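We call the chains A, B, C, D, E, F and G, going by the order they appear; numbering starts again at 1 in every chain.
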């Protein structure tokens, strides 16, 4: 697995290409990310626009929008997650098969965005599920989604299969299922999943 | 008597047994198809290609599906019976079946010495079957055709929803 | 082994066993569909007999056994269709497919 | 006739298929990372703070009047006024923002902050490639990240920037004229104007993740 | 088709998030009803919308829409924000047509405060409003066909055209979707002559796009078979249920607020209102295409006649805008129907009550009536033909 | 030389087998052929998937996959690696055994069909004299695997999708079978090899393909329609109609099992395209006598690929039908047309006069098509409309 | 179209005892409204819809408005009897004193209906109804039987304001989930507190964020303490 970079380049010059298992695996994962057919609000329209002719997400092999979460690799949370919807989003995420990725697209998905002061708006989906990439914007331009997609590819590429930074699905201790919040009398219960969401210490 | 024969026999009989013994009706139907498929392979072993293919087409492709549909439509796969899956008179039924098998088996075993031993495969290609159907067996063919049509119409009428006005 | 003497005997035994299994199923199961399945098995056992006799019989070129099997398959298909149609119809009326409970004369 | 409409539709897609090899109209894809859509001048994404001159801390136009903070619909701007004053680009001592944070994970790019700003200090940027893995560190922009030069402003919104410059020059001229008049009137007093304090050091990051490296 | 699978993977079946089904026996008919919840995440509910459906076989016997999965507290936020700060929020109501939302809100506030709008601003409003209508109709038809199972081609063509229009919006207002363009008493920025030329160029290309679309779809037998006679809406019911927009006109009721209220400067343009006869999905689909063509006519006239002048009433205030005590209801013909804003002012900087009358929400009232007796597959089409945007339905 | 190119695979096989002891030759020959089929068709599947995605892209004014590998040709490889390594979820409540067997059974049944397809001159695995029947028997058993997949998932949408799929496949199997009967009637054989041989004749340099005859044309049209429905292709892709029932019978499948379904579906398409090619498009024979020098297998595979491209084209254009319309279409239009076609085939067989049989055949076929189309549209009350305007 | 006064007269003529009042609107829009008594509202609405000349067949908009209890401080001139001892004689005299009185004017929930006519292309006619108070007398008659378009809008008002519409066919929560207890559009509604991390807080959010921050710091300190 550990082939020296320099050696590899040298071999490549002489026509010998060395591919490690890890590279092949990561290459396969990153080149074939099928998103889930899932849209929430305004950003969903920009997400659809990204798959359309002008921007053509298909160039990256990611136009295969699977309607079933079982077959999807990536969930693009495109839009406001309300407290009424949040349990469903978590449930859908739970139904996805590993490896799975989450892109929080747009201000609302990251933090509640312009609607964060609303009583029915969840302040960021990362309170319940782990998010890989955040795209700011309201809504982000389609190019921004493409850029985020490439950032996700880079992230996948950089993941070693063993050791510290290994992806979650290869980590036996990592949680596979995330508890679904319940809809209480005034708010979601619990208000955040403490295992996923660690409130940063504010220095101010 | 080759190994193939024993394997196929085992498969067929296991399928048949499972079909009558399993609890879940869909499993029964699926085992039934195993039995049918095994039978088709036995037909192939007996050099009856045409019949084997017809067996798969009709039994696996149609009858099994029909059974499955009937199971789903009557929703018998999911409602566990209070009194078990077997009838109250299962003992009588079983003994009748055992008796029949005993008689048949006895007859076969008794007659073994007189059974023919021919082993060369008879030629029976599709052309011959077609010609036979159109010449010697044309009357039965027509009757079967009529019967099938009648059965088709009958099945449709039986299974058709009554119109609301009929009540 | 008996089969060694005549391959036909082996087939006939298999057919007999299958017939018995089908009969046992038809007689012991409560579900009407299972009864039909048993009957199908019996019919198939008969078909196996027919083909086996044709194969090892004295005049295979006449194709009688095979023809019989073909007709039997066709008729069995029709029988299955009508039989299952009846079961569904009974279920619609009586709300049961349990043969033990199908003892009322009116629907 | 049955099938006519289907054939028409098939012809239409075939036309587009064949057309995609010959006509730009029928192959509208812009292959993003390599090709880009021609920049549209009016485009806006997130706000930034304009500064004049070389040093961003000295040249910030913002005087921490907090109008944008109040008017911002999603309340994503956070300003702390400085305690001291610093000379602005005109040379007049002004309060400056000791802290100016914009949480772009909340910002809705509505441009209202730009509209209400009386000092032409906050403008809209066109950078949209901000996707990040780090939600807390990556999306809360402080002064140092927000400050961008007037030259940069000219490159992204040339027309608008030119107008702004003209307006500012006009104002400056007015101010100077007034100042001259004032200076003439009270020349003696003006000499004793207090010097502005030294500019603040670079901000520490506002937050750090709980399990962060720091 | 009755269906036995009542239990699925506990909490983990796909069905769980999408549908929550149980078998009930209807005591009257004696047949088994299957209760299915379509949504809130269903590929073709146009967002997060749920329909609780009771099925007899595949026939719909009851359908109850369930809202609120995108309830973003728009009205509550509007009461906490100044009049100006609510403007960008209106963009996010019907996020496909932000400019008409701006327009309706601006109109309501102008009515409340008694403000005038300069002529050039009115022309600009008409131009952007009609462009919005064109792209909305193209999109809604595209999504409808998408729901019908086309593999995206009509939607792609619609988006191809939409991108051209969005480029125009971006060049004028700075944003593709969330334009935040109008202000009380005019428009935020003036259009340059290059922009108007660009609009002219796009508008010249629009009829060709409409032709292409019609060629691709209008006489397609599959489309006709699936849409004609499906989801019929009777005119009396449509009026009583307050249905507006193309859905109403497809039912044959001649009610177009552009003609009725003659708001803005619509009385200066010559255009016709296409009316349907059957009120089914096909009519709604066709009415949208025909209205798209009428919008092109309006655009051509407006682009010809647009005068010079200011785009903002010089008396208008941007900051510290406090209308006098009172209330006003302003409405326009948005692409989806009547979009109204009802504002109560108590003299403060924020509206005391900020109410949106969303067309798609009210149009959904008759969803059940249109769906009853149809097939599950038709529900998707009928919903698509109503053309809803959840941002507006749930607010 | 050309002769050799034509028979290159056959020669290769003989050469390879030649190294083995004589007793092993027949079995190993078959084994090699099976391996070849299992190697070739998944490759073609990958190609077809890529072609579909790129072709659809072009129809929709965009590029389609073009970044994974040069021109995106490695896209299917990446998809394959991803699918293989993706977590395989068996729903908590599912029938694990049946859930596991279903995709395997589909793939096996679909591959079995290739055993009887003549893919070139002398290139057929087993030349059964009832090969057409064999093909249909294999096709019929795929229905069961679809049902198993849907039922074992214990998901409402899966089951609904499976029921739809099975109902649709059974309904269209009848016209599919009947549309081929005309060919059998004229050729007088159920063997695909014989059927192709019968078409490999030329008059005026033009091939005697069945599609060039009235009964063949009608049969071909009906076969195409039925084959689309049989393989669940648009506009008959209801079983996986995502706007209604999520992903149909494989809603609950993930990872490799899902890939198997995907594979099975496409390979099924190849199978049925190969069958249609053999029945109506002259199999491996060239369309013009002057082109006979081109190796026969090139003809076969290019015809199959053209067929696939047509499927893709249709998919790029059509919305899908509704379940009841689909059934009505099968029973009320396609089936009567195929039955009528039998009449035309009989007429063709027994009318000796060259011109008379041509004219009579064409009149019946076209007349019936137009008439049934009209009547059908009128009865279902659909057709183009005009609209009124209010000022 | 008739003026509002004419409409009022017509209503009074058609529905005796309707008790319709005109509520003036000072805004330049000049959309004055008619206030209906809940008891006769359905009859009046039916009349407005069916009357040939008015033909208000289209109910466009239904709005809920919350008017919370108002504390009104007003100066009142009070005349009271005062017993004074004038010259040793007790006299009862009347005296007028000005005093500032605080009273709580009970709030109410209001529902506003905007009516148009599709048949005659005129409108709007604005109707309003008020509940007795904001707590227990919150029922109003539903106009859904008259105009279908009120169905969802009245449900929404029920959900967000808590007005109970009598005669509504299907009065359930529409936007919030079923187990939700509050009526969030009321002006005294307190939103759930989840401002755990606020990088750019303001006003009350700031106060809440600070409270969270203090708790957070305390927790962190406690953890540090246990850790060492």
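We take it that a residue touches a chain if its C-beta (ideal position, glycine included) is under 8 Å from a C-beta of that chain, and two chains touch if they have at least 3 such contacts.
Just so it is clear, the model here is predicted, and its values are computed rather than measured.
Chemist: Could you give the fewest steps needed to travel from subunit D to subunit G through chains in contact?
Modeler: 1
Chemist: Which chain pair is joined by more contacting C-beta pairs, D-F or A-D?
Modeler: A-D
Chemist: Take the average of all CA coordinates in subunit B, do the same for subunit C, and state the distance between these two points in whole angstrom.
Modeler: Averaging C-alpha atoms per chain gives centres 5 Å apart.
Chemist: Need the CA-centroid distance for the pair subunit E / subunit G, whole Å please.
Modeler: 29
Chemist: Where the CA atoms of subunit C average out and where those of subunit G average out, how many Å apart are those spots?
Modeler: 77
Chemist: Based only on mean CA positions, could you tell me how far subunit A sits from subunit B in angstrom?
Modeler: 53
Chemist: Mind pulling the subunit B residues that touch 2 or more other chains?
Modeler: 50, 54, 62, 69, 72-73
Chemist: Which subunit D residues touch at least two other chains?
Modeler: Expected reply: 2-3, 6, 9, 12-13, 16, 28-29, 31, 37, 73, 75, 103, 106, 108-109, 136, 206-207.
Chemist: Provide the list of subunit G residues touching at least two other chains, using ranges where the numbers run on.
Modeler: Expected reply: 175-177, 184, 197, 199, 205.
Chemist: Can you tell me which positions in subunit G touch subunit A when the two form their complex?
Modeler: Residue positions touching the partner: 175-177, 179-182, 184, 189, 191-192, 194-197, 199, 205, 213, 216-217, 220.
Chemist: So in the complex, which bits of subunit A are touching subunit G?
Modeler: Touching subunit G: residues 83-84, 117-120, 123, 183-187, 191-192, 199-202, 204 of subunit A.
Chemist: Mind pulling up the subunit G residues that touch subunit E in the complex?
Modeler: 25-29, 31, 57-61, 63, 65, 112, 114, 118-119, 121, 124, 126, 147-149, 151-153, 160, 170, 173-177, 184-185
Chemist: Could you pull out which subunit F residues touch subunit D in their complex?
Modeler: Its residues touching subunit D are 55, 58-63, 313-314, 316-318, 369-370, 372-374, 376-377.
Chemist: For a test of understanding, state which residues of subunit E touch subunit A in their complex under the given definition.
Modeler: 11-12, 14, 16-17, 40-41, 43, 47-48, 68-74, 76-77, 80, 88-89, 92, 95-96, 155-156, 159-160, 162-163, 176-178, 390-391, 394
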